[in-house]
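Take a look at the following structure, please.
Labels A, B and C are assigned to the chains in the order they are written; within every chain, residues are numbered from 1.
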Amino acid sequence: MSDLLKGIPVIDHHCHAIVDEKRQSDTEALLRVTSEAPVTYSAADLKERLAWQAVKVIVGRYTDGQCPSGESIPGLLAQQDYAAYCRTLFQDAGYQALLLDTGFAPESAASLKKIASLTGAQTYPIFRLEKVLEEEFERKKTFTDWWEAVISRVRTARESGYIGAKSIAAYRSGLQIHEVDIDTAKEAFQRWKHSGEKRLTEADLINFGVWHAAGDLARQALPLQFHTGYGDPDTDLRQGNPLLLRGFIEKYTPLGLSIVLLHCYPYHREAGYLASVYNHVFFDTSLIVPLGLSSARRVVAEALELAPYSRYLFASDAHTRPEMFALAAEVFRDAFEAHLNDTLVVRYTSREVREHWASLVCGMNARRLYLDEA
Amino acid sequence: MSDLLKGIPVIDHHCHAIVDEKRQSDTEALLRVTSEAPVTYSAADLKERLAWQAVKVIVGRYTDGQCPSGESIPGLLAQQDYAAYCRTLFQDAGYQALLLDTGFAPESAASLKKIASLTGAQTYPIFRLEKVLEEEFERKKTFTDWWEAVISRVRTARESGYIGAKSIAAYRSGLQIHEVDIDTAKEAFQRWKHSGEKRLTEADLINFGVWHAAGDLARQALPLQFHTGYGDPDTDLRQGNPLLLRGFIEKYTPLGLSIVLLHCYPYHREAGYLASVYNHVFFDTSLIVPLGLSSARRVVAEALELAPYSRYLFASDAHTRPEMFALAAEVFRDAFEAHLNDTLVVRYTSREVREHWASLVCGMNARRLYLDEA
Amino acid sequence: MSDLLKGIPVIDHHCHAIVDEKRQSDTEALLRVTSEAPVTYSAADLKERLAWQAVKVIVGRYTDGQCPSGESIPGLLAQQDYAAYCRTLFQDAGYQALLLDTGFAPESAASLKKIASLTGAQTYPIFRLEKVLEEEFERKKTFTDWWEAVISRVRTARESGYIGAKSIAAYRSGLQIHEVDIDTAKEAFQRWKHSGEKRLTEADLINFGVWHAAGDLARQALPLQFHTGYGDPDTDLRQGNPLLLRGFIEKYTPLGLSIVLLHCYPYHREAGYLASVYNHVFFDTSLIVPLGLSSARRVVAEALELAPYSRYLFASDAHTRPEMFALAAEVFRDAFEAHLNDTLVVRYTSREVREHWASLVCGMNARRLYLDEA
């Protein structure tokens, strides 16, 4: 296998914050980030997964060189200079930039500035739509005031430093995003107010928000990411099929909105299909690649059956622990390299073309999409 | 490829009865068990499948050592001492225990006691829920009497010797199992009585039965198996997606019910996802592994992308013919061994870990789940 | 890898017309046929796909022997004797017969007679149901006249030279084909007349047409093809799952209708399942094989997990450009050969059986199904 990816840095277009040094030896967190299971899920079962074995190997590689037992990990991690440890992990893995979704952040999360310093990678924030809907709900009494505050923040997202936006509609009401009229939205707002809940689950209001924010995102050239497919069990996986976005894609991509399908598994073939027939549709196979790592070669290959190489991006969806970032890049590099060395890919392409595709997927696509660079 | 599974016996947590010696040379049955097609399906087409070629190879291996033509099989089988033939097939394949669903049994089925004697494996019965619903329907006139009789049998299942229960709701009304109130159930019971049918297809009554039996199964630590995915065309495959069980899983697994997803194909990735995020969810890839045998390496690998090795079990779903049991174990061993020798699995695990996972999947998981053994 | 397919000609049971010499150097068309994307899709993105790289290699192989740049292709193609060029491509790829769906044909399409002359392959036409529904709608004022004209053409399809029929219901109203009564159909006909549209999108009328034409097709032994799965974005992929055809299959296959599922991806496992449990159900993996060519080995293997080899057929779904036919056959041969050389296939079969299966899939199945040959 040739080394097409060797030395090519990666841009991670979807990830979350790591913890700061206060939690540098938090081994329970290290176990928990190897899965999307909730905290109630059996730790004994988590240990019977390959991802847990793999993060132990990563820890051992960067501490005493041995593969550690679970019990020895807190001690090994506590001994580290956390800043040096993080920097080595991220730099060995080749991280050049991190596009962070701050809608989810662990306890003791490092700030974006601090993450840049810890990792040696540039950091950029993603605007989390539902979080803004909920924050302004806390502050505003009426629908009109609420929506005015929301849309004002949407319209100034680019100038506020955001390089993209994200919706988790799949977790709340499903991906069949559709237009909702203002009267229906107002009624949903009243129901939400009466419910006493802070968390937004009113489908009408989520659809209203996403549908009406989309145009303003397009005008600022801010891509809109959607959680799709694999995630924690708060999502109904049947409502996370990216094919459900068809109407939204057909409405907004002709207006210039770039839509980014995150995760996608087990619908990554469907996502690749969408990217192959609609302009401005991008996707990744984050989350499954580090967490279901024995799948990586197969999943990456399946994702790339139809999609142009200009539409698929590396991402980790890692958070909390630096080891998971290291693992995500390592496994992705192995899998994507294997795909580029597939018999049929090699048969019909030159090495130059394969190198070009490697550079697109590892970083160039993200630069063009989010950072407006050629 | 190392021999991680060599010498490890298997427990088959989902299978059915084999025939006794009266049908020992029934070659039509041998052909039919290579597929889930109904009896009306073309025999000529069945012969153009790999499973038929494979059972012929099995017969040849245990009779005259040649790969036989279809015509010579009845003669070869008739010559055998059936008890010796069965014992050799099951023991060579390493069967230690068989958990039998007696809800389906072929004509001239051997009894559990006789199967134990024929195969040298321990046998245990599974309680088939819909069969009990139908049997008591024949005996009882009113809803109240019927449900009392049913729930009484459910509550005494463990003491009656059952080690688990099974529902085929997927075949009758789909897997979106939900709560049904008693008045609705009573109306459904009346409709059933008026229909003159013995077969239960009233969705309300199936949902009522499964939903209300679940608590009593949990109290007896009896796992509840569900047919999901692949099966004969009596099932609408779209209603057999295990993701449809989400509400039922969220209701009953916190109460301690273990839920076992059988077959799963082509939804085995979805099943592995469920096992990876919910406690007490287990699954297998039975049926597809012997019947779609060229899929086995791929399907086993896909099933294990996300699931803990403590949640996946070997099963054959074989019935009628001993040859199908032999084939199921043979193909499963090949596929699971290949998975444990996958580049990434080997990269991040020790041989001890892989041996441990082999022992879990082949039998330990079934022992813990059904037989209350450590 | 042995050469089971070497020298075996192929019958392409689903394809469309190629252009005549007027468009022999149309390089924009060559780019566009490498994808199902609409004309509005970015040409730059199309060039970042393996299919474009592959057709360039094909052009180079049959012109100056070099792998050409996109810019040099018009010149290279313009220099060719188009008839000789076509004949060489089709004959090297082993095309013996082409079953052409004339419902879609490119501008400057060659006639069936001319295609036979250009390619050296026999050509046969497929009756496109929705096209007939629309053509007669232009000519007839009332529902009764319209349906009489339609059904008369259906009933004389075989004697008019057609060897099969095709429906694109998946593109218009989805695959859940069901019975529609005549009054409902009449109302739909009136809505259509009032709409002023030429294109038929009335679900009731499409269902009425397919349902009521099926019996007459069966009586003429004309197989009915359905577009399923992958296609241009005019199709809602969720409505193209062949499992939706279950009711139609259960109604019409017992009456002798042969149903052929085209394309199928990403539902090719589901299609294989249907072929394995219902008589008279056939399928292919056309379109994905040439257009998503790095998928070919995986997709062909997945398609053949359950299906009898007597139910799966080669097809290209190619059109417009001869190069795409060359690529489709080349990639299919590689993938199917790889499947026949799979470890488990080889373990349980003789070379004779594998050769037989190769001959079925490459052409024998199509001969039996459409051409009434043994």
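Methods note: a contact is a pair of C-beta atoms (placed from the backbone, for glycine too) under 8 Å apart; a residue touches a chain by one contact, two chains touch by 3 or more.
Since this is a predicted model, take the numbers as computed values, not measurements.
Visitor: Report same or different for the chain A and chain B interface, where same means the shared residue numbers exceed half of all residue numbers found there.
Guide: different
Visitor: Roughly how big is the turn, in degrees to the nearest 5, that lines up chain B with chain C by CA atoms?
Guide: Angle of rotation between the two copies: 120 degrees.
Visitor: So how far apart, in whole Å, are chain A and chain B when each is placed at the average of its C-alpha atoms?
Guide: 38
Visitor: Which chain A residues sit where two or more other chains touch them?
Guide: Not one residue in chain A touches at least two other chains.
Visitor: Given the complex with chain C, which residues does chain A contribute to the contact?
Guide: My answer: residues 241, 243-244, 246, 250, 254, 269-270, 273, 276-279, 301-302, 304-311, 339, 342, 344-345, 347-350, 353, 357, 360.
Visitor: Hey, which residues of chain A end up touching chain B in the complex?
Guide: On the chain A side, the touching residues are 35-38, 40-42, 44-46, 48-50, 53-54, 57, 67, 230, 232-233, 236-238, 265-266, 288, 291-299, 331, 334.
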